[in-house]
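Going by the order they are written in, the chains are A, B, C and D; count residues from 1 in each one.
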Amino acid sequence: MLYPNSTSDAAARGAGGNPAEWSRDAADRIVRPTAAERDRAGRWDPALLAELAGLLAGPLVPPALGGGGLSAAETFALLEGLGEGSQDPGFSLAVTTHAVLSTVPIRAFGTAGQRERYLPRAASGEWLGAVSLRQTQGAALAPTVLARPAGPGSRGWVLDGAADLVAGAPVAHHFLVVAAHRDGGRTAFLVDRDRAGLLVEEAGPAAMRTCPWGRLVLDGCEVPEEAVLGTPGGAADEVEPLLAALDWVFTSAPWLGLMRALTRDAVADSREQLLFGRPLVHAQSVRFTLADLVSRCELAAGLLRRAAAQFDEGSRPSRQDAAAARLFVVEAARLVTEGAAGLSGAAAFTGDHLVERAHRDALFFAGTGGGPEVLRPVIAAALLELG
Amino acid sequence: MLYPNSTSDAAARGAGGNPAEWSRDAADRIVRPTAAERDRAGRWDPALLAELAGLLAGPLVPPALGGGGLSAAETFALLEGLGEGSQDPGFSLAVTTHAVLSTVPIRAFGTAGQRERYLPRAASGEWLGAVSLRQTQGAALAPTVLARPAGPGSRGWVLDGAADLVAGAPVAHHFLVVAAHRDGGRTAFLVDRDRAGLLVEEAGPAAMRTCPWGRLVLDGCEVPEEAVLGTPGGAADEVEPLLAALDWVFTSAPWLGLMRALTRDAVADSREQLLFGRPLVHAQSVRFTLADLVSRCELAAGLLRRAAAQFDEGSRPSRQDAAAARLFVVEAARLVTEGAAGLSGAAAFTGDHLVERAHRDALFFAGTGGGPEVLRPVIAAALLELG
Amino acid sequence: MTLTSDTTTAADRVPAATAPSATTPSAFDFSGIAERAAETDATGLIPEQNWQDIRDSGYLRLFHSREIGGSGADPLTQTLAMEALARACPGTYWSATVSTLLCVKLIATYGDPVRHARLIGPLLSGERLACFAVVEATAGSDSGTFRTTVRPAGPDGDGFLITGEKSRITNAPTADLAVVLSRREKAPGDDGPDWCLAFVDLHQPGVERYEIPHMGLRGMPWGGIVLSDARVGADDVLPVPIEELSETMAWGWLKNSFAAIGVAEAALDASVRHARSRVSFGRPLAHMEGVQAQLAESRAQIDAARLLALRAAYERAAGRSARDLIAMVKVYSTEMAVQVAARAVQIHGASGVTKGHEVERLYRDAQMNVIGGFTSNRLREQVAEDLGLGPAVYHAFDWVAPTGLGHDPAGLDGLPRSGEAA
Amino acid sequence: MTLTSDTTTAADRVPAATAPSATTPSAFDFSGIAERAAETDATGLIPEQNWQDIRDSGYLRLFHSREIGGSGADPLTQTLAMEALARACPGTYWSATVSTLLCVKLIATYGDPVRHARLIGPLLSGERLACFAVVEATAGSDSGTFRTTVRPAGPDGDGFLITGEKSRITNAPTADLAVVLSRREKAPGDDGPDWCLAFVDLHQPGVERYEIPHMGLRGMPWGGIVLSDARVGADDVLPVPIEELSETMAWGWLKNSFAAIGVAEAALDASVRHARSRVSFGRPLAHMEGVQAQLAESRAQIDAARLLALRAAYERAAGRSARDLIAMVKVYSTEMAVQVAARAVQIHGASGVTKGHEVERLYRDAQMNVIGGFTSNRLREQVAEDLGLGPAVYHAFDWVAPTGLGHDPAGLDGLPRSGEAA
């Protein structure tokens, strides 16, 4: 695990630089140059993550298991820098899904055996993990995968159903899947790709096109007892709330970086554009817009960093704070992409400009993690002390 | 000219149905089925406009010159229905550019000869006209085409420069081009496609992809005296303010129809989507969103119809009202596309869904006609009695 | 409501040629009322001269047919007059319009033109003032909780007796007549509606009233009425199915809409005047794009509200309900006016929050229009229902916890103590 | 300001573990002040018991080093205390915080800890109250137009004389001491700054004051001061380059920010209580998604403002300017609080606009925080300048007409009369 100019201990003390810088610079060099082309082609380039695996694949895996041993706050900064440097929302989502959504539940709820089997190879980038983004808001959407006991003589389970919108599926080694039981309980499973009865189809949304998307079809897919992550029937207390909060906070991190990149582009564009014969940036209303964009970046940063740091405190993070951070950053990302597009003029529509991709992907981002119709009741229920 | 169940006179009296219905039904039948495919391919299908030419090509051309003789208010309704039925912002823009932006200035400022030469063939759809959308906000953007006298023995002019973002260029017969003189004055010209020194390149934005886009390059392009539209040097008093107001009002008409189609889709989608185990439409906040979407449609309709009808009153339309209508409809289109996307869930990202194309194209639409940085000072200057 | 483009024929629509611009002149000159608006706000009393001006203007008769003593004005004239009066003094506008528009429509709709001419006549002439009493102090606008009841006077004499307390009523402290939404005490076998409108003379022993001090529209009298076996004439209790009532109450929403439009237009006008006269750091405010942007947004928003309100008025005049359009315009225009008034305060800076300044008053007034009548959210429900979404469906919370989102997540290393949940 | 991700090291940042949630307890108990807030608003007077509570709480000393008599609290404690007092009574908060935070920072920054201990001591103990006099009645905040001038007393005695009128000053009616931004009458050869801060004893014959009635923060004394050759001590005129002043005035923006956060939190708290207790149409308000949505948005927005304000406070404590961050948070938090208060009014319905109700008061208070100090737009200019966009460039209108957009277009058949233009 190579964090430039820093050991992870030093990084934790803030003495050796900032993870946002490491990833920003590396992603700017390695990922950004081909982002527009991969977006047009809807292409995943395995060489990119391979080159960056030391930095990005296992920040939250403990050093003893071969990981970077970064704190949650540092990992957040790392992903923020990734978004800013790569200017690639899809690639950043694929990385976050693997390094956080798929990996942290194994660290948090895995048996020693599961941790030892999955985490070192996840941290090296050898094995990538994938998760359906329709399963990161608890069971707010009706469960689409069912689990039943494998029957006499086995302590395993049989899974049936399908899961859409699986970020990373075409290139993943294993999948974190939540399945419902007939009695209404739900269990999390780690399903390896080579499991019989599991089919991975390439299918995905027309957004975040540089993320490899897929759909899982489970047809009598039998998994052993060891595939259960956490307590059988306990997903609603364990994996589901964790997965939701991780999505709300950590898939937002690259967007914070993207917002900074967009704001910087907007400043540059509005210096160059002429309107009424003078630079756009001379117009007071344009200056106000730019001031508002940069403010939104800092406001969103505060909420997201608080929510990320709560994972480091040994106590339980706050679902209210995580959901509030997501609610805010979605709106901030919308404002920033639209504000930036308004100041970029025709340049925004060349087919290669960040703001075009970001505008499309921000809309998709707004719907993930449950969207406002999930986030708002979660926040309100906590605030009102309901439930 | 065939307006179903109606003569144009009867239509003017409101006795024979509504132009919005005619175009909505025809466009739904003829244009909509291929809209998603043409958008993906960025393709213009000449057969579509050919089939609809009787309805759409010449509504504002007087009957004596072979046109439909509709009022401005009726033409607005016709284009509104086109947007709603076709669900195709790019096709609708190409039609509006030809039928209104290119044609009305000829009707308003053309000599008898120009009117007789261009209008009958424009109305039949035989000759299509095209305009650069960078020339529909006066000279707020610096002029890119220069005109100089053709020299001794000629009363013609030589044009040099280039014009981007010409809607309809690849399929147009003639172009309305505003060119600047060395003394700062500007003149409007009608330049036929076959004119020596005029090159039409295919080039366009990555939005409104079903509109045929191009770029004009004028290299010592000599045009005769008869190519001047209106008074030489008089564009700032004649063609420019007219073109701006026509863009503000009439290219917005299809968006009003699109907003209605999107709202209808959102209602249907939110009946089907389940969240927390019940139809989305049971949630109060979703109902509120739908109520707001339908309200925006009606609010925008009022402003746009007023501005359109002002063209019928024999007196001069109000630039303030036209700009206010555009300012409002741009924001309404944004709210409606985003609101609809939020309620469509993953269905919004299949690559074929209206809301996806509308979301991309609404951003482009927001920047045309000058965008808020032009619209707001125009409105404010009138309000403050400045200038 | 149709979600497709408007397919009514042109003849039904607002004549576009007459659709007003901001500059459309109104025949109504309420300049005296405008000059007294600051004083009206400061004292919380509408000067008698305001009433004289209103009577003289013909305002009170505009909204009604000649048959019942109105002047049968066209919708454009009606709306121009409403906006002109609201712009001059929103508090005075509310008081006058509740009486002559809302209350007279209620009496004329559910009453009888002949029998109730004795009530309508003095309201249209301005000799008397009416109020509409709906809400009860403990309950808000949920009619299921209303307790006010009408019962036959029985042995005590002719007619009826009414008992109960109604609250938050425009004109309650000053009105001569109350239109009261009340329950009916029903005799066995009476299968008529459970509800009625009672036309109650407020000058009698069984009536007490009180004032409620309020943030804005301070000239508007506002308060409660306590009815203790107050007498109601035999002809003056009109059974009415409560579901129907919103059809007539929509006149009140239209009244709020024009109050909001008037407030917004007055705030914009003040902003334009200020921007034209003020120089800051050597720059005339009017030349600054930031100020221009605020003025332009306000202009567009006010016009949008006005045009939709006018369209709704035309629809009503043509005999259609337009309840959905009026609900939309009430929600939009009242919230819009709050925004426009806030922009005006910002443009004016500190003078805009100094007591007695026009925009300070308008800012307080604007919020009252949002709250008065049905609230925005209740009207959004109404619009949604009119969209064909069916009535609101109530689910008791908790729908979050069963999905796994009802408690806080584990940290990176799992739950603090194994087995702990929730 | 950097537009790239924050690369300061972790040690410089707000300790995330201590970043407050809404539920972070404050050690400061201002519940007595909160109980008197309605009365304070109604009477426009801060009760003496409020001052006693503030003195007893240690609030007045929190913001300053022990060297000058402060208690040197950490930024988290300071901000929790500010929010707690603002939430209890925004008017009282303003009065106390202008004196102890803004004025003492000005005296300590431009004055001398020893010579001015006699001024600072009584302000930190709460025996005396200060105000900061900047704006002039005729001019707004454009210093180019300020006329107040300090000149040497000359033959008349020691020190200086100050003459001019300052307006729109928090604490003007009640303060003992004024920190006055003034021009200096410069002797030939004096190449010092054109401006100074004068510390003026307000209990002397050359001082007259007046009150200005205001919409919100009514407990806060507000008004003007007329100085007619008032005496200023020789040590109490401190020349200062006016460009530097915004660095210290940013403390005032931070004060507004926490005023807004306190107002918003109080409005949200009232809304939560109301939603938990109120049943409408058989549905508890708390169970309605529309209400939940409003509460959730408010929660997120208030937290965003608080966290950025806290970060700015930490930056200042670490000796950095953070002026750009404070400008951002002033703009956002004050406008946010207006929105949150308006939502609270909507959730409360008619009771929310009844005089004396907590949210009615908060709604009026909220707007004052936007207007007080530099306005939103002036601070947006500041943020833009700090982005490296250069200072505002003023162009005199008209830039529209030359582009062809300065007059109305022709109709379908051209201009009405041939040859007519404009």
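Just so we're on the same page, contacts are C-beta pairs under 8 Å (C-beta built on N, C-alpha and C of every residue); 3 or more make two chains touch, one makes a residue touch a chain.
Here the structure is a predicted model, which means the values were calculated and not measured.
Two chain pairs are in question, B-C and A-C; the one with more C-beta pairs in contact is B-C.
The chain with its Cα centroid farthest from the Cα centroid of chain B is D. Centroids of chain A and chain B (each the mean of its C-alpha atoms) stand 40 Å apart.
We define each chain's centre as the mean of its Cα atoms; on that basis chain A and chain C are separated by 48 Å. Each of the following residues of chain C touches two or more other chains: 286-287, 289-293, 377, 380, 395, 397, 399-400, 403.
The multi-chain contact residues of chain A, meaning those touching 2 or more other chains, are 140, 276-277, 283-288, 310, 312-313, 318, 372-374, 376-378, 381, 386.
Against chain B, in their complex, chain D makes its touches with residues 288-293, 397-416, 421-422.
Those residues of chain B that touch chain C in the complex are listed here as 12-15, 17-18, 20-21, 24, 73, 77, 80-81, 84, 256-257, 260, 263-264, 267, 271, 276-278, 281-282, 284, 287-288, 290-292, 294-295, 298-303, 305-306, 308-310, 312-313, 318, 320-321, 323-325, 327-328, 372-373, 375-381, 383-386. In the complex of the two chains, the chain B residues touching chain D come out as 60, 72, 104, 107-109, 137-140, 184, 186, 234-238, 240-242, 244-246, 283-288, 310-319, 322, 374, 377-378, 381, 386-387. By the touch criterion given at the top, residues 1, 3-12, 14, 16-17, 19, 21-22, 272, 275-276, 286-287, 289, 291-293, 295-297, 299-301, 303-305, 307-308, 310-311, 325, 328, 331-332, 377, 380-381, 383-384, 387-390, 392-393, 395, 399-400, 403 of chain D touch chain A in their complex.
The residues of chain A lying in touch with chain B in their complex are 134, 140-142, 164-165, 205-207, 274-277, 280, 283, 285-286, 334, 338, 341-342, 345-346, 348-351, 356, 359-360, 363-364, 366-367, 371-374, 376-377.
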